[in-house]
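Structures for review follow.
Two complexes, one shared chain (subunit A), two partners (subunit B, subunit C).
What follows is the complex of A and B.
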């Protein structure tokens, strides 16, 4: 028994090492294997309805309803089961920009009757309008709700499937093709850029604030541009060699079920409800969100 | 003077002509005349090696044959009919073209999509298409990677995936541009097996004549855009003078083989000691010790050096990529000043990552000492002053608009005064054989010249350690030989990452074998070369390569004896 356990442990360790060594899987494919409600949802209806909800969330005018939208997005994130780490990274990327609103808006929002205003110093030239904080909070909450919703929208289907769904929804084909190729070549470009940068670093280049740095950075960008242009030509030729005639072939097929439509309708109704709560004070529960 | 000392290939009259080129000229928009009056007939089932110097027009000819470039003058006939725009669709169904850089050819988001791309474009029924795609992937050992993104594959895997995408179309003509560049021996062997089994017409551009031997039966040699030889491949390789004339003489590689064709430590020339004189045309000599190896010493531990303190020292060094993949595991090694060490191993073994860690580009966990001092973050940022790195692709190392500025780049970063920079740059350009090209744009140099420029720009900084990452990739044999001569003069401690067993044997004294991020062997090079089990165990089987060397040597000896006895046969093109 003990022996069996040991060999099992060693097997699992070696499997673990194997996995660690293995190259990572295409994230989209990995995500696609999970089976939450969002993963199973027809991407066309998912995109349309979640985007509509996002527009509604972006249109609300009170902090309460914006926070309600945030809560809905966070719940969607939980149901979709996508990693919080990635959502946090997305929000962190916006954080500095949103933080700026909390600094700038209290100083710049026009003073309306009834606003609470604090004056700094002896003069009257720095005024802090506390309504500015609530406007900043409204912007931040709206941005957060849309950003959180992007996770279940974009990470629950492989990227090519999402782009193909966009094409079915009427986004022009050339744009979708460009998105697909960009997704592939952004990695190649990043790699090329990092190699070129490392090539300069290992010969002692450290960017400074002088003319020489500007000159070298100009060369660096020029070189990247030339190389990208050459690669574009070669990629196009490689596509021609394999029968490309202007249309990217697709293997994706979409099939919607009544459940997909019901889910879509639910999100659209949710978005409309949020707007109504925001706009009409007489509606039940609307006071809670003001 | 053009030599015509080899017999002309006479194709079988029964085989039908797939391509016929009549007086084909091609000029690039910048005025560069890449092809001049090419007359060529390619028969069904031909297996052609397309050879010539870097920049002789090989790739342009391949582009003309695949319908990507339209000749400025002359005619291209495909299946006996002129290649007009309306026939390009038909041509593309039948002709497969493997590009040099696999990233040009893998443009979809998964490998399977890439392989299916052509099949769907050519209206193959979905079920048949999937079967063919998976079959092609399996043929090249990539069935497990079908759903992976191309950028998550190793270089060797990407190269094979690109070939799978072409082979899935069942082309009747296959054109390959440098298929073996940067491949490890195992991948190269797999590629050779697949191509040997390919029944159609094969046109292969490569500088690797040992790979082409046994694969191709006909050799077409270009020089300055003109067709210089069209002969049997065996006749070409057995005629050294013709090979020399076209920069294809790879017989310097035989120096690393003993009589039965096996690799031994090759005779490295004694190295001159140079002072740190900026006007010196030799690379700097900071290191005091130089180790010499000669073929005669192959039976013993060739490098009997006095105990020098290690210049590079790693202890239990581990490096993980951000995605969690382990690149190096508990690596411990010591490299002494003046040593020449080869880092070998299959693609993805961690060689380049180890080099990046030693050069201070990446930082892992474990202890790293440089010249006896612990490399902390502050020292790591200063390692560039002591460690020079020559990249696999010289284009990654050229950012300036003039060769002169390229060599001066590092010296200016070192803070040298301009007068000293000027002296040093001139000396280094002269040393690299680029003395009269100082105002040339680096991108306009040939592959060999660009490699020498990169080497000169690194060595100008007088590094204590020189790390070379696949220095021979994409070079023609003459450029390889020139590079070998230059490297042999370098006195800095050398770390050579290479799949080129010949360079390893001729340039290094010690070989470290990496496998899955671990050092599995650290032995004198001569011992590594003799241990055939070691090669096959870690996907570095050079048996086929050695056999080719032996056979070509024999062919050349026979041809030379014939020439001595009867006079060299002389045939016009």
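What follows is the complex of A and C.
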């Protein structure tokens, strides 16, 4: 069965499938294919230092430095060797939100002295302020720089190992356990939902903007919740059977080498350097974009 | 709509992290330890449900579900919202990592509100209960939208326009969300009424 890639012409038929399958595919974390610097890095130090760098990258104030951060993240992505496709999907997920800034900001940013303003049409009610574009570009560049860093951060070690590292970093144990359980059941429920959905389609359900759709979607979600609630009981009992006492026993051990620390220190210093650069505007084109 | 990285000033993002850490610990304390795995399983169900797109004229909107989470999970709702958003951020980049605190506050507080409101109507007759649920969840989305607008506006005068647009964009979502919640409550009321009268595994307000 072909899902989701039909063209606009057969819209009415493929619409329902398309809308639901706009559900991003749940990406599993693959690893072990390559052993790069990021794969070998101690996850605890990796998470801490990349998170710090992300906060630095998210707080710069000029487009030039933000683009520099983007370049740093992109090169990290290249070193980590994770697929570009997945990074591109992350950017696509933010695209609508960021596009809103590009459309709205030039029209609504208050005019400050020194701004370039273009007036459209005869009336003066539509004004395009070019400073809006640079503010939007700044926001987009910052968002991109953090989003690109997420792939090297998460896809270079298995998800459970990342979560265990988080626990070692001081994230409360219950939260980490819940994350692990969720990471398992999200896939189960997505499968369950797609089964329900196929059944609905077979029975002739086509979504549209009407009462019927709302009613059926309500039944659909209600069914999902009722089934999951019943499943919670079974899952919990199964966990008790296997001797769950409130924590998962883990054999995960973390070892850090001086190289790990050096790498971490490098990223933190990089973050500080970016902030300093931003502060003193020493980049060649930071003035242009200001 | 989830806030991406780099939109909020760093001070605001950090303050939101601190606030949501407080709410999170409250939510954890109010949830019995043996219920934690169940909250996690229910959260994954909500997570998957929030990926469903409802067709709306030429476009579609995806469900936010803060209202339903609050109605079904009570105090555990904030926990569920936080974890759901964290996983969304890690897997899909819906909402940035540095803006996670802000996103969690924006959705988690309305979830609590709607749960607290709905809890008075748990044992009301069917029609009243469904109406209350629809109102609770519509209001939750409206409050979340106001939260989003406020957070965006904290970025300075430049962002006032974006905040207004974001607020306006949520009006259809409020309607869809209220209707879907009413329909879900009607279904659950017929199939498994104890889920509504007691909340999931009696996760009522304690």
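Worth a mention:
Simple rule for what comes next: the second predicted complex is superposed on the first by the 248 of 290 C-alpha atoms of A that agree within 3 Å, B and C clash if a C-alpha of one lies under 4 Å from a C-alpha of the other, contacts with A are read in each partner's own complex, and residues count from 1 in each chain.
What we mean here is this: contacts are C-beta pairs under 8 Å (C-beta built on N, C-alpha and C of every residue); 3 or more make two chains touch, one makes a residue touch a chain.
In this text, all values refer to a predicted model and were calculated from it rather than measured experimentally.
Of the two partner chains placed around the shared chain by superposition, subunit B is the only one that A:202 touches, whereas subunit C remains out of contact.
In the superposition on chain A, contact is made by A:181 with both subunit B and subunit C. Of the two partner chains placed by superposition, only subunit C is touched by A:97; subunit B is not. Once the two structures are overlaid, the count of subunit A residues touched is higher for C than for its counterpart among subunit B and subunit C. In the superposition on chain A, A:158 makes contact with subunit B only, not with subunit C. In the superposition on chain A, contact is made by A:147 with subunit C only, not with subunit B.
Once the two complexes are laid over each other on the shared chain, residue contacts for A:223 go to subunit B and to subunit C alike. By the document's definition of touching, neither partner reaches A:64: not subunit B, not subunit C. When the shared chain is aligned, no partner comes close enough to touch A:81: not subunit B, not subunit C.
Looking at the shared chain after the overlay, A:231 reaches both subunit B and subunit C. Shared interface residues of subunit A (contacting subunit B in one complex, subunit C in the other): 20, 22-24, 26, 181, 183-185, 188, 219-220, 223, 226, 231, 235, 239, 244.
Residues of subunit C touching subunit A in their complex: 1-7, 9-10, 13-14, 24, 28, 33-34, 36-45, 47-49, 51-57, 60, 63, 68, 72, 79, 83-84, 86-87, 90-94, 96-98, 157-162, 164-166, 176, 179-188, 191-192, 195, 200-201.
The residues of subunit A lying in touch with subunit C in their complex are 15-16, 19-20, 22-24, 26-27, 51, 54-55, 57-59, 66, 89-91, 93-94, 97-98, 100-101, 104-105, 107-110, 132, 135, 138-139, 141-143, 145-147, 150, 154, 172, 174-175, 177-179, 181-186, 188-190, 193, 207-209, 213-215, 217-226, 228-229, 231-233, 235-236, 239, 244, 246.
Chain contact summary for the complex, subunit A toward subunit B: residues 17, 20-26, 28-29, 158-160, 180-181, 183-185, 187-188, 191-192, 195-196, 198-206, 212, 216, 219-220, 223, 226-227, 231, 234-235, 237-245, 249-251. On the subunit B side of its complex with subunit A, the touching residues are 63, 66, 68, 89, 92-93, 95-97, 99, 101, 103-110, 113, 116-118, 120-122, 126, 145, 147-154, 165-166, 169, 323-326, 356, 359-361, 384-385, 387-389, 391, 393, 395-401, 409-410, 412-414, 443, 457-458, 461, 516-517.
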